[in-house]
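Please find the structures below.
The two complexes that follow have subunit A in common; it is paired with subunit B in the first and with subunit C in the second.
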Partner chain A sequence: MVLSAITEFAAQEPKIYGLVIGLVAAAILASIINVVAMLLVWLERKVMGDFQARYGPNRVGGRWGVLQLGADAVKLFTKEDVIPRGADKPVYVWAPIVAVATTMLVAGALPFGAVIIDGKEIPLVVANMDISAFYIEAALSIMAISAFMAGWSSNNKYSMLGAFRGIARMIAYEVPMGICVISVAVMAHSLNVVEIVQAQSVWFAIAQPLGFVIFAIALITDLGRMPFDQTEAEEEIIAGYNTEYSGIRFGLLYFQEYIVMLLGSILLVHLYLGGWNGPVIPVISFISPMIWFFMKLVIVLVALIWVRVSLPRFRIDQVTDLGWKILLPLSMVNLAWAVVVGLYFA
Partner chain B sequence: MSGEMMAVDYYIPLIMFLIVGALVPIGALAAVKIISPQKSTLQKRSTYEGGLRPIREAIIQYNVQYYLFAIAFVIFDVEVLFLYPWIYVYASDAIPAVGGVSIAITGMLIFIVVLLIGLLYDIKKEALRWV
Partner chain C sequence: MIDLTQFYDIRFLIELGAFSLLAVIILGLSILTVYSRNIVHSGLYLLGSFAAVAALYISLNATFVGVAQVLVYIGAVGVLILFAIMLTRKTLMEEESHG
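Up next, the complex of A and B:
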């Protein structure tokens, strides 16, 4: 009843509907994403601790240290806000804001699972655009710009190096990543993420294993995680682009990395691991797509942490070489493969 | 406005997302302004440089090699942009076929091969070497 009334209103007044639904969904999603990203920071520290045979956070909030992040937040909020005197102030101030705001742009077009109502699958996505895969990829790459803003405006040599590295890394992997998205879309005959998920009767990770590997590497690079975190490489350039940031401004930049890690993992699950597809679980069929989606997401997140603790950091020249000289030609091969399979075996 | 959702309508919720996304960090910064101490000194606000006084500005001209990456990137990014609309037509029957293969595919193949030759030339000339 209520649902049909809403759909009718949406059809009659799409602009007002868009405004209202956008505002409501943005407020809800912003809070959920922030909480999940906090949990993710905790999960990473805890899992890293386990991998490295130590405890991880274990003091604040009982044995598991679940309140550690709350304590960290209190510390960041009560710390003095220092703006270095050499900094380019407007750009320096805006960099963390741009960083967090653009992650929300990605969240708006990304489906967060699906629910089954009356045997019909309803994806939970705010802006279900025809080109959402393209849009998400474009919005993800704005991240490099906020990192460059932060590094350049700090007027610190280490930050500057980190910023330049960030852009070089981004442009080296943007092209293979884009071609991987295209290869997926070629097989699914659509650029809409929802339709890409629905087209995966066979996971695209199995249909094009090469593309999966290339996309996973490009994604880790885009997220700036080990072994591709040359932008902040503590041992070489102090903390890279966020050397001059402290207190809440640092907190925002740090936090944004985890939000993007979450969103990037969701994108990987949708494009290659069949999204929320999975056999319907009988009794709780209503949320069975959600269960599959979250299981896949957690596995991807833990895998990302696993990669981080297992591999040492590459040199920056090795990173650009890998992107331009190996992944770019290989992604072309993968595209040819996708076209052949998409034409003759689909 | 009634009836079909227009393409532009999809972007209205996204604008709301951008606004909410900007309000979160702005709110956090405002909260910090209120609750955190403000005792700024000249020493505290100096630029970090391993314990020394910073020498000269950090905002510099970078090695020219760096811009070659950017140029190569622009070329290949435009190629990727051409590929996006191509997804919708490559399997279409409306496009004539020569020798059993659609022109859309042969055309794109030629385009990609030409660009790959360019990439090989770049690599051979060491334009894509980080220095």
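Up next, the complex of A and C:
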């Protein structure tokens, strides 16, 4: 009864129906991302503990310390929210909101796996646009603004230095990253992430290994993770642009890093590791793409944590040098390679 | 002569509402950009109006132009403007904002 009414409405007003469905899907997506990012915080603490031969969180919530997340969240929610007297209040208040909002933009066009119904592969994506790879690149490029807002409005020289470093680093690595996305698009003959995944009968990590390495380095830099986390170098600038934040505002900024880590890893899996492609598992063929996708995603996430615990931090000038002088020319070489291979051998 | 019957069409009204909202946002943020006494606030208002222009392009079914607006104007030009402002002397700004 209700279902038939809905389908009738969908046939009559496809645009309004699409709008409503899109809003509902966006709400579901945002909640799922938040929950998964919270799990990611726990995973990182646990895996780091294992790498460093210690336990990690193990007191709260039984055997694996799962409820540590809940304890952390309660702490962040109930802590006093301090706004420094010299701070520029509206910008200071808006910075964490802008940070999470611009990050969530990326999620709209990213497919979160696929399911097989009646032998047909249906990707799970909110907005399946023709130019979704381009859109994701654009959404990633505006993340520097929240860093600037947080750093400038705190009225603290260390926050300011953190923002300086953050923007310098993001600009330096945005360019090679964008050129890598272009190389992938050239080889796949499409800017749609779903079609890029479907075009990977051979993983692009194998077809253009140079691009894979450049993209992975640029991604770690964009995420601000360990070898490239000069924005938060404790020994030099306290905590970068997070310094003055406390309570739930700090929670949002902290959480945003993990959301970006999750979305960036998904992007890496889609562009270079064949997304949800893989042999169909016979009995549970319905969700076999999801299984492949999550296996690859977990491997990438653990590899990111592995890099974090293994490598020391670089200096900021070394980082920008690497971006402009080495990765940018190499990404050009990779683009030429992608054009030759993609157009003449495909 | 305006055809008044089209005002009964819900899709037309939604499009009109979206356009009006975006027009008000763009104009308001542009005026704030010019009249703001704080240069950093001006820069941020300018970014907001760029974003609203991108939304306007997308509402006109020009998705590629809209996304290019985000990438070029917000991601590159806007960040460049903010970076340049950040390199100016802070004391000039402090007189305005924190007095």
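In the analysis below, the second predicted complex is superposed on the first by the 332 of 346 C-alpha atoms of A that agree within 3 Å, B and C clash if a C-alpha of one lies under 4 Å from a C-alpha of the other, contacts with A are read in each partner's own complex, and residues count from 1 in each chain.
Everything below uses one rule, namely that a contact is a pair of C-beta atoms (placed from the backbone, for glycine too) under 8 Å apart; a residue touches a chain by one contact, two chains touch by 3 or more.
Computed from a predicted structure; not experimentally measured.
K.L.:
Classify the contacts of A:Ile145 with the two partner chains as first (subunit B alone), second (subunit C alone), both, or neither.
P.N.:
second
K.L.:
Looking at the overlay, does A:Ala26 come into contact with subunit B only (first), subunit C only (second), both, or neither?
P.N.:
So A:Ala26 only meets subunit B here.
K.L.:
Name the contact category of A:Leu43: first (subunit B only), second (subunit C only), both, or neither.
P.N.:
Neither: A:Leu43 stays clear of subunit B and subunit C.
K.L.:
Under the stated touch criterion, which partner chain does A:Ile287 make contact with: subunit B (first), subunit C (second), both, or neither?
P.N.:
Touch status of A:Ile287: no partner.
K.L.:
May I ask you to decide whether A:Val91 touches subunit B, subunit C, both, or neither, giving the answer as first, second, both or neither?
P.N.:
The answer is second: A:Val91 touches subunit C but not subunit B.
K.L.:
By the touch definition at the top of the document, which applies to A:Val302: first (subunit B), second (subunit C), both, or neither?
P.N.:
Once the two structures are laid over each other on A, A:Val302 reaches no partner at all.
K.L.:
Between subunit B and subunit C, which makes contact with more of the residues in subunit A?
P.N.:
Residues of subunit A touched, subunit B against subunit C: more for B.
K.L.:
After superposition on the shared chain, which partner residues are touched by A:Val213: those of subunit B (first), subunit C (second), both, or neither?
P.N.:
A:Val213 sits against neither subunit B nor subunit C.
K.L.:
Figure out whether A:Met129 sits in contact with subunit B (first) or subunit C (second), or with both, or with neither.
P.N.:
Touch status of A:Met129: both partners.
K.L.:
Following superposition on chain A, which residues of subunit A contact subunit B and also contact subunit C?
P.N.:
Subunit A residues touching both partners: 13, 15, 86, 88, 129-131, 134, 152, 155, 160, 164, 167, 171, 174.
K.L.:
If you look only at subunit A, which of its residues touch subunit B in the complex?
P.N.:
Going through subunit A, the ones touching subunit B are 10-15, 18-19, 21-23, 25-27, 29-30, 34, 77-88, 96-97, 99-105, 107-109, 126-131, 134, 152, 154-160, 164, 167-168, 171-172, 174-175, 178-179, 182, 185-186, 189-191, 238, 243-244, 247-249, 251-252, 316-317, 320-321, 324-325, 328-329, 332, 335-336, 339, 342-343.
K.L.:
Tell me, which parts of subunit A touch subunit C in their complex?
P.N.:
Interface residues on subunit A, with respect to subunit C: 13, 15-16, 86, 88, 91, 129-131, 134-135, 137-139, 141-142, 144-145, 148-149, 152, 155, 160, 163-164, 167, 170-171, 174.
K.L.:
Would you tell me which residues of subunit B are touching subunit A in their complex?
P.N.:
1-3, 5-7, 9-22, 24-26, 28-29, 31-33, 35-40, 42, 44-50, 54, 57-60, 62, 66, 69-70, 72-73, 76-77, 79-80, 83-84, 87-88, 90-91, 105, 109, 112, 116, 119, 122-123, 128-130
K.L.:
Per the contact definition, I'd like the list of subunit C residues that touch subunit A in the complex.
P.N.:
Interface residues on subunit C, with respect to subunit A: 10-11, 14, 38, 40-41, 44, 47, 63-64, 67-68, 70-71, 74-76, 78-79, 82-83, 86, 90, 97-98.
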